[in-house]
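Heads up, the thing below is written out as structure tokens.
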Amino acid sequence: MSINMKVKSNSQHQNSHFENRGRLLVKCPDKPGIVSVLSAFLHTHNSNIIESSQYSSDPVNGTFFIRIAYHCEGLVGKCAQMEKDFEQIAAVHNMEYSFNYLRERTRSAIFVSKEPHCLMELLWEWQNGDLDTDIVVVISNHEDARPFVEALGIPYYYIPANKEIRKQVEAEQVRLMEQYKIDLLILARYMQILTPEFVEHFENRIINIHHSFLPAFIGAGPYERAYERGVKLIGATSHYVTNNLDEGPIIEQDVERVDHRDDVVQLKKIGRTIERRVLTKAVKWHLENRVIVEGNKTIVFH
Amino acid sequence: MSINMKVKSNSQHQNSHFENRGRLLVKCPDKPGIVSVLSAFLHTHNSNIIESSQYSSDPVNGTFFIRIAYHCEGLVGKCAQMEKDFEQIAAVHNMEYSFNYLRERTRSAIFVSKEPHCLMELLWEWQNGDLDTDIVVVISNHEDARPFVEALGIPYYYIPANKEIRKQVEAEQVRLMEQYKIDLLILARYMQILTPEFVEHFENRIINIHHSFLPAFIGAGPYERAYERGVKLIGATSHYVTNNLDEGPIIEQDVERVDHRDDVVQLKKIGRTIERRVLTKAVKWHLENRVIVEGNKTIVFH
Amino acid sequence: MSINMKVKSNSQHQNSHFENRGRLLVKCPDKPGIVSVLSAFLHTHNSNIIESSQYSSDPVNGTFFIRIAYHCEGLVGKCAQMEKDFEQIAAVHNMEYSFNYLRERTRSAIFVSKEPHCLMELLWEWQNGDLDTDIVVVISNHEDARPFVEALGIPYYYIPANKEIRKQVEAEQVRLMEQYKIDLLILARYMQILTPEFVEHFENRIINIHHSFLPAFIGAGPYERAYERGVKLIGATSHYVTNNLDEGPIIEQDVERVDHRDDVVQLKKIGRTIERRVLTKAVKWHLENRVIVEGNKTIVFH
Amino acid sequence: MSINMKVKSNSQHQNSHFENRGRLLVKCPDKPGIVSVLSAFLHTHNSNIIESSQYSSDPVNGTFFIRIAYHCEGLVGKCAQMEKDFEQIAAVHNMEYSFNYLRERTRSAIFVSKEPHCLMELLWEWQNGDLDTDIVVVISNHEDARPFVEALGIPYYYIPANKEIRKQVEAEQVRLMEQYKIDLLILARYMQILTPEFVEHFENRIINIHHSFLPAFIGAGPYERAYERGVKLIGATSHYVTNNLDEGPIIEQDVERVDHRDDVVQLKKIGRTIERRVLTKAVKWHLENRVIVEGNKTIVFH
């Protein structure tokens, strides 16, 4: 039996639209003329700017950030030369940068524990063709989600995990990440702490959903503590994982209203709907190269 | 010159509508039949229930809370007897309770420091007749708001304040509270810490606005810290003041979306609009006897 | 293969909690003492009021509405007598009323066309045990959703539909509604118009989701028209179906922000997330007997 | 007596920050290289791009819109030459465009009828220095707001208005608009219809607040009709005035939740808070040259 009724074939994504689209991200010291240099470069390479967003951390001696989405006929054949030509510009202006091509689909892994709601939402968006990534593997310390994941044709690995066996668990996880050539790791309510070694493997490439409106209720049991404190809104936060627990750069947050009648069970139910949409938004924006990490904060170009 | 264009005369509020309206708040151990007892009591005293809200902390051995708004022709003449008759019921069922009459307008004082936006919003709502209280005095450790307050006919007291002179400042404030027979003290961005002695004078009768989404950013400089942390929403919290700083029972909270372009100045601007509406809502609900404090939490009957 | 990983067994719902819970809805001319009568009645029958909400359309000569949730040990054995005893009270006070028992699960049918997002959301909530109904049949004029529905063990009927064959289609649908003893019919983006005869069969028992913020964009193509008009928010509306197209009593509405960059395809994507949550909320509230229809409006006791 | 406690002196706004800032708005047929041309032009004239937002109505044969905010030392002395130099570029690329200078403050008039809440909010923001305009005159068909407006040092004209005398009323209004050199006319709940002749005088320069979520409840009595329809959210819409009543390009909209307990009076109260913030946002964005009208829609660069 197949339940893949909504899976759009990848071929749909590999059409000319995606073939000829790129996104250039640049970070450099701010000074007059940067936009001019970049737009002249793209124009010279027959690229039409479709979308452009910029931010300067400070008008004086600040850092300049820009995201340019462009269209270029025959991009596949031209991009190597473009990247080579860009090296000189980057050197002159002291730029950090990345060229991203829509035809090169990001490869994502999802880690999940018992609660499947975030995983389900991601799969749902992906089935709809609304998540521009290939979800190539799901790893869990529980068996619960296996049937659903496998029904979609995605490999599912059950790796039991706890404090004692963390190192060997992570070794196995890293091996799978490499085997599946993972670009992005999504923690969709994965309730195990990752070691610094693991996190370093994937700097700014692990997105987590924390079940509170950070920095309120850092750590365990946020809904229980929200209940104890009697807050009138509860929230969720999606952030890149760093080695400071729940302190990584925030990508997106949202809240919902609650009241005195909502017990912890009810808070968790409401929380699930927030977690689903917050994580999904953060992942989407990451995939669209809309998120730039700067220090412990993010610039998100909507 | 008078600018009181919108001040509704009090006589308008002292009409028969208000004369005959009361609100009964009851808290007691939950058991079957409480609603029946209360509604029979009111019916016996020719009172018609207009609005009734209840909450039980737990179906088994919980605490029961109810707010009943009722209409009673000739309430002024009857209420003494009603209250007397109720004593026996309260004793039998181990009730804490309060009778509140709309004709007896709450008398409020507002404390404010330099930033006037919360004060202004409260005065604006009051001018519109949307805040069922008499604002009888404003006290500030700055002179800034005097012209506006006095133009509305409200006495304004300038009492400089700082750590060193806190005791004598508070003595003067308490004296004024007594002189003006204050029921409710609203801290509309009053940036001085109150001593435990002062707070005890006004248990559950001081409402503060904190300029963050508590418990995030307890203490000073919340907008600065929100900026540092890179949050994507900022908030405000209105709560009763206790002797644990920013830890009192929360009445209302709200948030607004911000992004990486918003510096601290901009966060404060956005924050002011949140603070205005959150404090005003909390004060309104308090005045309508919609808020019951239970431990360190509130029950708010909307 | 089974993917029913999250289906909670019904036995869980048929525990003592549900056995002993009831909800009484009453509508009658407002006059003093109604609450007293009802609460005395319940107390006499050893029922403890858990939740009570009321509304009066007008303090003078208005209509009174109340929803009382109660707990009664041994309710199954007592409810017949309770209902019988209530008849006299209802006659005296001219009451319309209904007794609802949590052990008697509502039986729901879902109609869907091509777009599965609302269906999926309902099934998801139901799997989580968050929708207190038995979804006993899904009917569609397309085959798309079959695999997913059948994988959950729910019968799926494909009944092609169009204007020309409407009568025979509806005859078949009515037959299935009767066969499956349907209490509630949910139109989860079912894109066929129902005849007055069909609607009359299920007065106030058909809930539809309309893909606009009614009464804006009544009729076909709401997202196209929202785009043309250049609105800055789009919405969705859940309502009971009447024979005036898109004019039935509104249960719930919500909106999301959009901007000039959102084309019709994007509006539809955003719209789907609104539709999902609005329909699900409306259905939940209906199942919890929180919705009373009065004329062309609803009273929703949150 | 003066109550101008919060009025920031204009001198504060005429500092070097404002002296050297400009905003260039351009609309032209989309084709590759436009951004390059514009950024090279600005760079050549020693201008640093601070903020840039663009939109293309369609990747193929679409219309391109861009808003560029820039800083240029000594702008006052250079802008004439810049504008002259730009003429040739504009001609080549078939551009419509406007140069806007922050030192040239927009001059605004406010029209108001009886309800002062929108006027008050605008004055409040203006007093705070948060509205980059000079409010130079207020005109009303009622006397109510006079004391407050005059207390702020703004001339107030009382011009009674009704259908019969519309032409002479508008003649007087136009005369004042010219006398005060008005750039922007804000209708802050001005309840008179303007003639086509009047509207033509101020194309895309009259901003109105309509007290509904357009296109729902076009015309008179929107709150009354919202109540009748039983909607669960009410809204407000700010738009440019055209000669099709309530059909002009929408700048901003927002909503608030209401329920069955809210009568028309209550809806109006809630509505006032929406109207205040929606109008103020629209005016701010207009003043910051963030709004471009295209056909009957707006592009708003946030």
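As written, the chains take the letters A, B, C and D, and residue 1 is the first residue of each chain.
Convention: a contact is a pair of C-beta atoms (placed from the backbone, for glycine too) under 8 Å apart; a residue touches a chain by one contact, two chains touch by 3 or more.
Molecules present, by chain and UniProt name: A, B, C, D = Formyltetrahydrofolate deformylase.
In this text, all values refer to a predicted model and were calculated from it rather than measured experimentally.
Hopping across touching chains, the smallest step count from chain B to chain C is 1. On a Cα centroid basis, the chain most remote from chain D in this structure is C.
If you average the CA atoms of chain B and of chain D, the two centres end up 37 Å from each other. Averaging C-alpha coordinates per chain places the centre of chain A 43 Å away from that of chain B. Contacts with at least two other chains are made by no residue of chain D.
Interface of chain A with chain C (complex): residues 1-3, 5-6, 116-117, 120, 124, 128, 130, 144-148, 151, 269, 273, 277.
By the touch criterion stated above, chain D contacts chain C in their complex at residues 55, 213-217, 229-233, 235, 249-255, 259-261, 296-300, 302. Partner chain A is touched in their complex by these residues of chain D: 30-36, 39-40, 42-43, 46-54, 56, 59, 71.
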